[in-house]
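Two complexes, one shared chain (subunit A), two partners (subunit B, subunit C).
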Partner chain A sequence: MESFFSWDRFFENIPRLLPYLAVTFRIVIYATLAGGSLGLAIAILRSKRQSFLEPVFRLYVSFMRGTPMLVQILIVFFGLPIFLHLLGIEASRWDKIWFLYVAFALNEAAFLSEIFRSAILAVPAGQTEAALSVGMTRWQAYRRIVLPQAAKIGLPSFGSNFVGLFHGTSLAFMIGVVDIMGRAKTIGVSSKHALEAYIFVALVFILLSALLRGGFHLLDRKLSHR
Partner chain B sequence: MTADMQQAFFRRKGVEKMAKRWIRLFFRVKGGQRVLRILSVVTIAVLSMGLLAGCGSQGDAGAKNGKPEAKTVVVGTGNGYEPYCYLDSDGNLAGYEYEVLKAVNELLPQYKFEYQTYDFANVLLSLDAGKIDIGAHQYEINEERQKKYLFGKESYTTYTTYITVASDNDSIHSLADLQGKKVMTSTGSNTTYLLEKYNAEHADHPIELVYVDHSTDEEIVVGIKNHAWDATVMTKRDAAKRNRAFGNGSQILKQVGDPIATSHTYWVYRKDNPELQEAVDGALKKLKESGKLAEISKKVLGDDYTESE
Partner chain C sequence: MGFDPQNFFDSLISAAAYLPRTLELTGIPILLGIILGLFIAVSRVYKIPLIGRFGAVFVVVYQGLPTVVALLLFNLLFMVKFNDISRFFHLGLTVSNVDVIWIGIIVLSLQGAANMSEVFRGAFYAIDHGQYEAAASVGLTTCQTLRRIILPQMLPVALPALTNNIIGLIKNSSIVVAIGITEVLGGASIPASKTYSFLESYIAAALIYWALTALVEYMLQRIERRGHKYRRQLT
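Coming up: the complex of A and B.
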């Protein structure tokens, strides 16, 4: 089916698609930073004595992990302005990408909080006890002894979650934010040929995830040989 | 150390004790100091995000200051329906909807149109949510839509749709022939509304609707050609466009039978916004009378589709 694929079009598309990778990166970075801090806070709160917020966290995490990302994006996109309106903030005309940041950050916070929590709980209790026995305060023991070890334990799952987030951002186009996937689609619409653009996007994602996985693998090896 | 400074600040103000007691009560944890720290970090993070967002919207406000008297009207359109609304090779919005609205805006200096693109199914939802003021995506009028939205009185394109099948298919000539067959359609379209209505009347032997959203021309042509779907519904000009693009001179798609719907397309507004609808209709009428609309249609769509096929 020659008319459905041509190398000329494939190479023609590359400069049109690559700039839109920045949108993908922006979503990934903001979601990881904001979601990571929120996730860490939730993980620390949940790994200690149970607070009365525990049921709230449990509901939040199970909702975020149990519903499709697409649904969450649409809920944030259409629901957040209504919620903020009640607080007196007019959000419906915000730039669309902000809703993506919020949606992906909230989703990441849930997934990362579970990763962090399991990593924190995986550090043997003896470590904390030993730290306390040499006169550290609870917070010092936490920061100096538990968290560094937990970071090492949590790194591989964090890495695979991060790679997954990259693919997840391709849903951005659903609300009209043009990322690399969205651009591929629109190229398909205006040129009538989408296949070349899709193949290029697939290659970009394969390459990125290979690089990321390699990077995390190296980091992991370096940390465990210390 | 910021933490020390923070502590000193709290000590000086004598509120740390109070905060810690409050947190102890609230979270039922001992000490409360680490929670205090976490909370302050989270608060700072949230505040700085809010600040960033604020900067973003301030930038927008600055851009608007160029024309302080013009009221911003956000137009919601699609980015996947060439030649009506799509992104050109530089990634900018282009197409018939955009060109006509631009001409309308030139006649209405009191408004400044801004454009947002959405997936087709999300345009009217965004109108509901107040994210946009005008929905522009070749909307035909139907009962269901009319209940919720305000339609313009002036149409700007005709929209007559036919059953479309693969050119080697000789068994389908009408809606009745489609019963039990797979018909590709997209959610939220007028075609879907009509086919679902048809199915409600023929519940014993309905048409099998296959909902495919945001499909490209390529997907539609390949799907029909490979008989993944037995038929779909489109206008004559869309079929001609797709045959031109993929047929290599031959016909892949064929249109059969009487029109499914003979209608026109209108822009869609919220019901509480009749001033905008009247203003735009007035401008559109002028464009029709001056022949400008037909001119745009010829330029973008290839022929004059503003009054009749």
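Coming up: the complex of A and C.
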């Protein structure tokens, strides 16, 4: 019987797997950018005062936080083409990765809006009052005084959420997008030796998560010692 | 294309029938996760040689590993190695007569243990050091201090983060469909294999998860509030 694990195969797989990490990074970056801006908008709208959209936001955030990421991906994957079809846009031929961008961005928007909102609310009201008293406009006070302080408060939760998003992207292969995990699976199918590929993927995730966590921790320490 | 209410209800019923599987997949990991997580946290906080170190490495590894990757890896190892292990221990079991759900339970339990140990560790450091000293001064042993002084104060501190972790475990349990375990998500898509009404199925699954997580969150928040009341009386 052939050996179960071989280092030759392990190293052979590395150049075949690593390029697909780009897919993972792309999802993480696009979802963070799109979800972050949407989340910030929701957070600012919700932190001001109760708008008539409040119940909508609450329902949206509750749904995104209460249902599994995988289910959300599948709903977007099967539901978005139907929804766009009603609007007259044909989405069934789109690259599948677009559905992942949409699903992760929508999910991130909900989680990040909660993080941003609690961070904004954690900045003492006196800060805004002081800024207004020296003649800043509301927007200036917001942008120069409240948001920078809120960013520091929200950083740790943002960091763990970011690592969570990075982990979540490994679900991409469930709708047939070939990311690093999907590639490991196809290598497993074609070569009948999946173990080396899986172990490499696991190591990549462990290493990158540890690096990300360490990076956020350092950033947090640096900001709080000022 | 569109939304068919009939298919939706079929999926809802089919998914609800698999609710016990999801509860099994989350209940055991929550319990094991709390026990194992507490054990890891204690051994790390008290710097027990070897076990504390091992716990630290385990947490870094397991917090870095996405559930799907862990599931596929464990599933593969199980499929290939289980027969040998079983023969070695004379268990009289083969791959074919062990329910795959156990792989899911093991993976989710380890994940829960890693995440919860971090929660407990954080809660340990939230306890004032004077508490340990006071306990030592009246002659309590380490074990007594832990059980009577530290743990009762720690749990209310840990509960909000613990709630998040428990909700996370419930949601993550849906990933086990990747290795062919049928639970709520898998159950919801059974009718869809005939009718192709996948959207209805997944919305049905989402509703069940949503209800489940909302219920669990509500219950844990009630416990949390009781804990707060208790703390206020003490101070």
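Going forward, the second predicted complex is superposed on the first by the 223 of 226 C-alpha atoms of A that agree within 3 Å, B and C clash if a C-alpha of one lies under 4 Å from a C-alpha of the other, contacts with A are read in each partner's own complex, and residues count from 1 in each chain.
Here is the rule we go by: a contact is a pair of C-beta atoms (placed from the backbone, for glycine too) under 8 Å apart; a residue touches a chain by one contact, two chains touch by 3 or more.
The structure presented is a predicted model; accordingly, all values stated were derived computationally and were not measured.
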Fit-or-clash call for subunit B and subunit C when the two complexes are aligned on subunit A: clash
Touching partner for A:Met174 - first (subunit B), second (subunit C), both, neither: both
First, second, both or neither for A:Leu53, with subunit B first and subunit C second: first
Which of subunit B and subunit C A:Ser133 touches, first, second, both or neither: neither
Subunit B versus subunit C as contact partner of A:Leu38, first or second or both or neither: first
Partner chain in contact with A:Trp94 - subunit B first, subunit C second, else both or neither: first
Contacts of A:Ala194 with subunit B and subunit C, given as first, second, both or neither: both
Subunit B versus subunit C as contact partner of A:Ser6, first or second or both or neither: neither
Contacts of A:Thr186 with subunit B and subunit C, given as first, second, both or neither: first
Subunit B versus subunit C as contact partner of A:Ser224, first or second or both or neither: neither
Overlapping segment of subunit B (options 167-175, 221-229 or 239-247) - the one that collides with subunit C in the superposed model: 221-229
Contacts on subunit A seen with subunit B and repeated with subunit C across the two complexes: 4, 78, 81-82, 173-174, 185, 188, 194-195
Residues of subunit B defined as touching subunit A within the complex: 26-29, 31, 33-35, 37-38, 41-42, 45, 49, 53, 56-57, 60, 74, 79-82, 86-89, 91, 94, 116-119, 122, 125-126, 129-131, 214, 216-219, 222, 242, 245-246, 248
Residues of subunit C that touch subunit A when the two form their complex: 1-3, 60-61, 63-70, 72-73, 76-77, 80-81, 167, 171-175, 177-178, 185, 198-199, 202-203, 205-206, 209-210, 213-214, 217
Of all residues in subunit A, those that touch subunit B in their complex: 3-4, 16, 20, 34, 37-38, 41, 44-45, 48-49, 51-53, 78, 81-82, 92-96, 98, 138-139, 142, 173-176, 178, 182-183, 185-195
Subunit C-facing residues of subunit A, complex: 4, 62-63, 65-72, 74-75, 78-79, 81-82, 85, 167-168, 170-171, 173-174, 181, 185, 188, 194-195, 198-199, 201-202, 205-210, 213
